[in-house]
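Every chain is named by a letter (A, B, C and D) in the order it is written, and numbering of its residues begins at 1.
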Amino acid sequence: MRIDLNSVLGESFGPWPMGQDEALMASISSANVACGFHAGDPGAMRATIALAREKGVAIGAHPGFPDLVGFGRRELKATPQEVEDLVLYQVAALAGMAAAQGVTLQHVKAHGALYNMACRDRTLADAIAKAVASIDRSLILFGLPGSDLLRAGQAAGLRVAAEVFADRSYDADGSLTSRQKPGSVIHDTATVVARAVTMARDKQVVAVDGSTIGLQADTMCLHGDTPGAAALAKEIRRGLEAAGLRIAALRD
Amino acid sequence: MRIDLNSVLGESFGPWPMGQDEALMASISSANVACGFHAGDPGAMRATIALAREKGVAIGAHPGFPDLVGFGRRELKATPQEVEDLVLYQVAALAGMAAAQGVTLQHVKAHGALYNMACRDRTLADAIAKAVASIDRSLILFGLPGSDLLRAGQAAGLRVAAEVFADRSYDADGSLTSRQKPGSVIHDTATVVARAVTMARDKQVVAVDGSTIGLQADTMCLHGDTPGAAALAKEIRRGLEAAGLRIAALRD
Amino acid sequence: MRIDLNSVLGESFGPWPMGQDEALMASISSANVACGFHAGDPGAMRATIALAREKGVAIGAHPGFPDLVGFGRRELKATPQEVEDLVLYQVAALAGMAAAQGVTLQHVKAHGALYNMACRDRTLADAIAKAVASIDRSLILFGLPGSDLLRAGQAAGLRVAAEVFADRSYDADGSLTSRQKPGSVIHDTATVVARAVTMARDKQVVAVDGSTIGLQADTMCLHGDTPGAAALAKEIRRGLEAAGLRIAALRD
Amino acid sequence: MRIDLNSVLGESFGPWPMGQDEALMASISSANVACGFHAGDPGAMRATIALAREKGVAIGAHPGFPDLVGFGRRELKATPQEVEDLVLYQVAALAGMAAAQGVTLQHVKAHGALYNMACRDRTLADAIAKAVASIDRSLILFGLPGSDLLRAGQAAGLRVAAEVFADRSYDADGSLTSRQKPGSVIHDTATVVARAVTMARDKQVVAVDGSTIGLQADTMCLHGDTPGAAALAKEIRRGLEAAGLRIAALRD
């Protein structure tokens, strides 16, 4: 039994630091690196790649919409062609910078609004999958379980990884509860750790209506930009290992 | 006897077109493609790669300073590390986009102020050469004859190409006459064509003081963004071929 | 009987020119000047203000989403607060630059996706109206006839101007026919001129279903960025004047 | 006896916070607000204006080069016309946003490389002074004592304020010791406070060679973006007040 733990790193920009990259690196097996459009800059990308390589953490690209002020979290009505192009550009930039340090990218996880839109819009999902496949067919595409993004990745011949969130509640249909609803984010550490174990080991989660549902879980997202993120990540990893799970990057 | 003819393409940005890419493609053997920092965007890059591939023109990266409004023509006091990072990012992005279309980059030519600064500043030149070598040691680095940029490229183990300008006057020491001086740009077509032949065939040029000087000439730059650029390019190519020169990309 | 003729100017950006500002200036009474977020830069804004002042054309701000590559035409899910802030910033920048040349802004017309979204979303419309009113309560707010944008302007105590398009077809409910539908843009010059006269003089238009509908028409938009735009603008102005209409800025 | 204490505020950008604005506000009399080119965004600008207004702190514009990644600290070879335009744009934007909250700008302080370049290049200094004067002749222009920037401001008919730094060492000619040299930044709090008092009260400073030199001191800069900045600011203010100085904005 194994699970990949991923988190976003390299979200600093110019003079502005963000996140607790060093501390998080100790808990995760895969790092999603921002590629310069919603966060990150060439210097931050180089440094994050170096850090991940040193720590033995697998690296993936984290392309987003070109929206620094909005941090890529605002929906942008881009065409599928535009999405394909901007994903291709960003993944290529990071892949080349990683290769310059002797590292091959493991995966691609779209960021923020791009990820959310592509999970439920097959044309955008296809655009992302096409871009990723055109760079390297061995890249693993991340997406929500049962999402259009995973379907598009499979249709493009890519290996995909279903991503779960231990600190988010789920509706009975397996989708994430809207962040607008109370209780959508779980703050109690013990509860989050327990859910993480159930997700990773049993491929199950208790939904908001109390029902227990199945949930494909190949990789688990640990948030990196909240206070206490590094501490929570450590607890989740400890809990998973105590439950007999091996934390390992997908490529391993 | 042979010479490479290069020109800048893909300098459109978003809704703003620039240049006469289609028309120029017929005259050149190598295209320098803008990479998004001073011009170009992911869509323009993809389209330019496709056009060059279709026309059999070799592709190179044309990285510049992050300065859209100034078109990368304004000197920016970036550190060598910053220059290395921004060149690496841009070349990697274009290389990956080209690979997605089955095309391998041939060369790297820095743009505008970055090119000019690196030709006379060895630390910046080394930064560029290091970035290029870390991506692909078979990339050819462009620079002015006798410049720090060429020396840095050679020191980094890269093949280099000395670049000449048929429509620019040269000082007796082989450097380009400052654009501030009258006569630094030659506008008469017949004169430009004649100088192109002398440069390409005899590796010589008549300097502003009337002396004839030797000039390494591996590739000749044809400007693409002036009115009449495509027509002038056609005349230069015709003149070179009439003088028995073969127009061929450096990789060929 | 009078009508204002407006067009977008100052959409150049850095090294990239756009539009036929000089030629259009002769036909219009009001210029919408891009403010740097989707087009325009400080130098272009200064030059456009100077040109409009010289020609006696009234100046308005044309704020848009921060999206150069998409030219402000892509919907961006910004919050009302974000919209208020970005409109305030852009209008303030142009107003100050105009004041530096002794010119007072006449109006504000939101650009592209921001305009379209605000015409049908009252919260965004209120955000724009609030920003405009906080700068200068005498500014005139442009919007489609019957739109939320006009209603928001009136609620904020602003004078508003209903804007019509002579080269666009209208549905029977007075809204613009979707650009996705064939015939939504009218290309025949004589037809466009005739419709312009009917709109400006009779405050009517023949809708796509053949019915004649009333249409508030305070200002008419002449497109500036298509080939032949300046020539068409000239014809429309000539036709309006021949029909006895006076072309005059709203402030006059 | 009085002195103005200024600090930079509003240097957050999008999702990235910077500085300790709330804490610093208690110690200063004038705030330099970033205007969106090297830091700050419309939302951050609005919030900073509101905070300064609430605390009774005077507001100035802090325009910089368009260089987010380099935080406006890298020299950019812009022309005087370009500098005039970008200063005009930024100051106008902030002035309008401040006016929307009922606040009139007090001063303009150029940021980073722009400030340093303009202090020793009269053509750039004139460009800045011209931009400022064209917006509002009652704006106070900040610059180093004896600098071209102050001279340009005076020539343009502006009131100027000579700015000193309590935590920086000075050469015998009254210029700041280069940051490359050891000891150029003073870290001992007691020493900094003592120097602040000497500067503010006696208009003198002990230079690196031990000589005591005169120094025009109208406003003192307190750094805001270092750890401990708010605490140091508090100590400086306390020390100045204990020495009988009144801390007051220049406008008061």
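As a working rule, a residue touches a chain if its C-beta (ideal position, glycine included) is under 8 Å from a C-beta of that chain, and two chains touch if they have at least 3 such contacts.
Just so you know, these numbers come straight off a predicted model, no measurement behind them.
The minimum number of touch steps linking chain A to chain C comes to 1.
For the touching copies chain A and chain B, the fraction of interface residue numbers used by both exceeds half; the interface is of the same-residue type. Chain B and chain D have Cα centroids separated by 42 Å.
Measuring from the averaged C-alpha position of chain B to that of chain C gives a distance of 42 Å.
Chain D has residues 41, 43, 69-70, 82 in contact with two or more other chains.
Chain contacts here are complete: no pair of chains fails to touch.
If you check the complex, the residues on chain C that touch chain D are 36, 41-43, 45-46, 81-82, 85-86, 88-97, 99-101, 131, 134-135. Residues of chain A touching chain C in their complex: 66-67, 69-70, 74-78, 82, 113.
The touching residues of chain D, when paired with chain A in their complex, are 12-18, 39, 41, 43, 68-71.
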